[in-house]
């Protein structure tokens, strides 16, 4: 029983680290994006400021029970995802609750938050949130197919779905990374990853500044604050997942930060370089190149 | 025992004597006629009984006191007694039915009827060819007489064509007879024929003339236009006499002449008979006149029996049972249908909806339709079963296929008709008036269907094993249908509960799982029945019939029992489905696919029984021949029920249009029958190969594609129940895929999904049904914001979709997890990826379902909607509890199933440590996942609540967009064409191509029917031409030249 | 025309089939076993000099019963059929020309003679050519003549029907007596066979033929009578 | 031999009459020819040693049948005239 | 040439009449003419039957002379077909009469005897 309390403590620590790291990444990349666009950009600590601001708003309204619970679901999904992952390879404590389920649990648990969030937004007044959800779900289904193929290829390659074992198999040399041993699966998954991150060109779902469409725009004050926490944690959780699957995981926090930074950078780089897709375009795109890559990955592994 | 000659003496004597009656006595003519016919019936039935029980031996009547061949003799044997009973009872009840009409027509009408029946009696009994000719002439003249009992232009022209046709046929018969006499020196059938080798050709041609004339009297395709015209023109009561009494007698003549027929004749008979069966049913597709339709059906049925006679060599000692049961079914059903047609007196089958004024008539109508199509427990069921078994056993696959296809065609028009009667708007008109003299025959024949069915059950070789108690229990509800709903509902639940309790000790393995789904599930869904008021006439018998069939599947030990239960279930579910307001066409397509599937199953079983000594289900495992074919037939048969892609088009409509508590029954429970069938099949036959290709591999693809397309189509639906229906297609695709994996994990997943699908689909259909119940619409875009009005329903739907989508921590995830493991184990990645893709598409419709109904803005007109009725919510919450238990303690469901599978699949099982499951590839601890998720959730919630404690709630409509306040809530609810971009991207996959394909099949067959039926131009001379051409062609075929 | 030429082909084919039958047929050289039995034992068994009658009335008496029934039912149908259309319409003035003087006078002379002839034919049916059918037809012809001579005369259907019924019932009853008193239904040996060749011989054959004759005669008359009705009314 | 010649003549007449019955424009003639066919057939029966049949054919086939034909024809033609 | 014997001529004549009758039944339009053809067809069958019973150089089966009563079987023609024809003729009369009455009624309904006009019932 004692073990559990220690685990909980470590879990809270993990959340804390990841949260701050996530906020830092946010700020950092907004800055980079602005600089690339030859603007000055925000201050790097702006995300922290935003969160605090949101929690201190005086006018706090909500539209209904589900609206209230939506952010809760969302953040639960983000934290849950993080905690179901072995964050640091070899560290039992920073493996958190990954003993409760394997890769499949992680993959499917992603949707917990998505669904709850969608429901919450759905109860808001705006039709736009529903439109955003509709777009988001459409896009999710599309990139999930190459992602699944990639995951299956990895499962077949390492003959396991246990993330720890997958990471273990990649230790030793950089060339043992799945990224190198199974490049097609990695390619398929990294392309899917772009969709999963919801950055340009696949960001029509979320609510970037210029189009007020999408679920997050419906929330305010502390509800939005919860969502912002999630926006810090959830991407990092995903980064850790991909890091574990493709880039040999991390044996310490430093390695983790370096690896995730570069993976994140990949999505930011693409986002800055490519214009936005409409949803039907992105769906078709995911079902073309990434899908073919996934199929090739499977074929190569199987035969 | 009364000498059979009294049959002739009484009927003829009274006919002659009726002329003596003076005017005042004319009124008693009818009574006298009836009494005479009753006497004749008594004689024949008592002979039949006596001969059956062996108290009597066959009797020969020698007229004129001389022995044959010098004089004419009549034989009263077992077959004769049987046919005489049919004819005389038809005469008796037919006359009773027509009593009032006949009284108006006068004494002569009774005379004609008496003489018709007398003629038929002698036709059956006589052993002399020329005598046969004379009495055939008598009956055809008398028939021409009764045709014009109701004279108008149509009957007269039909009668004229009839006279001409039978006249020519009689001439040919006479030629045949006289040459037969010339070549053999005798006219007697019992006389040993001294075949003169030199005259061989002559004698065969003479025999050909005799036989072909008798066959033409049976109205074979295409030489039967004259007969069809008669059926169309005459009133039902008279059509009944022609279709039952005359046709039976003529059939017997064919049978009687067989001993003298050359062997090639059997093949001719088969070809003509089954050809007629096929083409009549095909042409009937385009027919709209009820009597002509019945005519086509009659001609077809008689053709079938003729074909059976032709095939008698192959049927062994089952021939009698087959022919008799088919004949009895035809006899009872056609009599009943013609009578009902006589009462309704309509000229278009669409107008038959007036029948709903009289529920008894409607009941009888459907009874006779099911009887005719060979549904259990009616006699033709056993007949068809044995027929198919024997045909398969003797390798007559062509005929087997032809009979099944033709039976399916028959189903098409009969069920379409039944659907019209049950669903179409009734035309205005006079109220139906049914006299007592019409009720009596109908009632007696209706009862007789059950009685004969009971005897057929006991006569057929394995039929006596069938457990009829559940079916009897279900049918018993017809008798107490006048009671209010709550009593019947309680009785039904009690009955099912008791039966489950009674079965429980004997259940294990798959039987346990499926009987739990069928019976416990049935009880749960029946609970919702308390929400209904009034009587709900017809619901309980049919619902229980379906459950009786389902439980029969589980109990079945033999293929016959299985098929019996399958058909009972189909029949019951058909009536359940058609109860929906707009269910007519959906119920029809459901029935047709079921029927087609059932025939495939029948064919599969029959192939499996080849060369085996029993018919227990295990013969599937030991089938020595055609194993892949058997597998394919049965699999497709079962897949019609599981609505796999290509065979799914019936499902959405059928499930969506059904009543609130029927949808969960048919969707969450009934579909499992197909799954159960597939399990039985695959577990016994294992992996079959078609060349080098594994059939299971093909099935896995079908399953995967079904899952994707089903879910995709669900995502594009606007109708909430339709959405759920398509989702069922998708889920059943998973199950099919799981079964096709043929591994421990695959089956574990499949069965786990089968169970959870039962739970969440019942939950969702009940919840959505409750919404529809209150809102009176199924269109999702007409709903919205109902979370405030129906919070309990919302919670059910929420839990339901989380389970459906397989999102952890609820129990739906178990299926996904096991699937992935199974896929990697089996290395069927592409199908696996599709399955997982399908799982994600499920999010689309899940979200849509909950969003468009419960979220967004409440519509003005729904401001006062109430929560769904208590009795609809009650079962939902029971299911919710079960779902939560399975979610927190996944091993409570998965472990037993795994144990159950171990005998079949020892390898690759999950290892359980408490709730911690380990597979070869991964691990999963459902309880801990639940703990973690709940803990985080609570933590976050408390955090938010703490931070947000001063928040106040605003009206949901309290919004501004683009600096405007929206003026109506509707404008803020995005619901219609929800996944428009998605549809734009890959909507082409969900194009109703399959629907179009089946539409083309249907249109094509109707077009062919339309084309072929042009041969019946209505011109008497064309009909005669057809008869002559038919004779010539049959001659050429049978002799291979001149 | 297409149909006719098609039918010509079919008919030709049928002709070929029929020709095979004729081709296989060789004129009989001797009697068939059944006929031989009739020829050898007929006189003693049945006692009718006219073997055709013996066959018609006794050996194949059951056929004859059917034959009578056919006429009976035809008459019934025709009566029923025609009366249905006409019974209600009022009697119209007949526009048939009255028959010529010669015809009516001749017919008055002829009719009794014809009736007697008819009776003679069926009474002697077991001895000479002829019998119930021929006699019945002759009687019916007498009535035709009557109707031709006086188109306005109305046959008394009541009496005709009575005769028809009674003789029919008698036929059946005599047949039935055969079961009790002799070998079987329609056995003629209820009565003594008598002297071969005498008028009162051959058991009940003369009696049966009388009834048959009466019945056939009345039935045919009935048919004619009904048709005559149609000539009057529209 | 004489029978043979008679029979051939009869046959020819019968066939001719049959054709007339089928194709003569006037229905009355057609009916009469059919009656004649019957009558000549009864003569043929006599030749074939079947006096009973001959008598019957003469009385019924050519006699009564023809009469009934005429009744019906008469009725129809009168109706026709009225029309 | 056996074709030139009485029974052959009768037999062939019978079949010719049957064919002529059939031809008439199916090709002639007038209903009365069809019935006439039908009676020709009937007569044809009767002739065939009688021809079958005929045996050359024998007498009718009426035993009115003592000479015939001895060794009858070798002296008479077959009585059975004759008996059958008797029945057939009467049946033919019945059928023909009924057909004629039908024709009359058909004419009343449509004022025509053209059989092509009576095709309301079809398909």
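A, B, C, D and E are the chain letters, set down in written order, and residue numbers restart from 1 in every chain.
Note that in this section a contact is a pair of C-beta atoms (placed from the backbone, for glycine too) under 8 Å apart; a residue touches a chain by one contact, two chains touch by 3 or more.
Only a predicted model underlies this, so the values are computations on that prediction, with no experimental measurement involved.
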Touching chain D and also chain E, the following chains: C
Chain-contact steps, minimal, separating chain E from chain B: 1
Most widely separated chain from chain D, with each centre as the mean of CA atoms: A
Identity of the most central chain, Cα criterion: B
Separation of chain B from chain D, taking each centre as the mean of its C-alpha atoms, in whole Å: 59
Distance from chain D to chain C - Cα centre to Cα centre, in angstrom: 19
Euclidean distance of C-alpha centroids - chain A vs chain C, Å: 106
Length of the line joining the C-alpha centres of chain C and chain E, rounded to whole Å: 16
Multi-partner residues of chain C (each touching 2 or more other chains): 7, 11, 14, 18, 25, 28, 32, 34, 38, 50, 52, 59-60, 63, 66-67, 70, 73-74, 77, 81, 85, 129, 131, 133, 220, 223, 227, 230
Multi-chain contact sites of chain B, meaning residues that touch two or more partners: 130, 134, 137, 141, 144, 148, 151, 175, 179, 181-182, 187, 1021, 1025, 1028
Shared-contact residues (touching 2 or more other chains) in chain D: 50-52, 56, 60, 64, 68, 71-72, 75, 79
Chains that touch, pairwise: A-B, B-C, B-E, C-D, C-E, D-E
Of all residues in chain A, those that touch chain B in their complex: 55, 60-66, 68-69, 71-73, 75-76, 79-80, 83-84, 97, 99-105, 108-109, 111-112, 114-115, 118-119, 122-128, 130-131, 133-135, 137-138, 140-142, 144-145, 148-149, 152-153, 155-156, 159-162, 221-223, 225-226, 278-281, 283-284, 287, 294-295, 298, 302
In the complex, chain E residues that touch chain B: 18, 22, 25-27, 31, 34, 38, 41-42, 45, 48-49, 52, 80-81, 84, 87-88, 91, 94-95, 98-99, 102-103, 105-106, 109-110, 115-116, 118-123
Touching residues (chain side chain D, partner chain E) in the complex: 3-4, 7-8, 11, 14-15, 18-19, 21-22, 27, 30-31, 34, 37-38, 41, 44-45, 47-53, 56-57, 60-61, 64-65, 68-69, 71-73, 75-76, 79-80, 83
For the chain B and chain E complex, residues of the former touching the latter: 130, 134, 137, 141, 144, 148, 151-154, 156-160, 163-164, 167-168, 170-171, 174-175, 178-179, 181-182, 187, 225, 228-229, 232-233, 286-287, 292, 1013-1014, 1016-1021, 1024-1025, 1028
Contact footprint of chain C on chain D as seen in their complex: 50-52, 54-56, 59-60, 63-64, 67-68, 71-72, 74-75, 78-79, 82
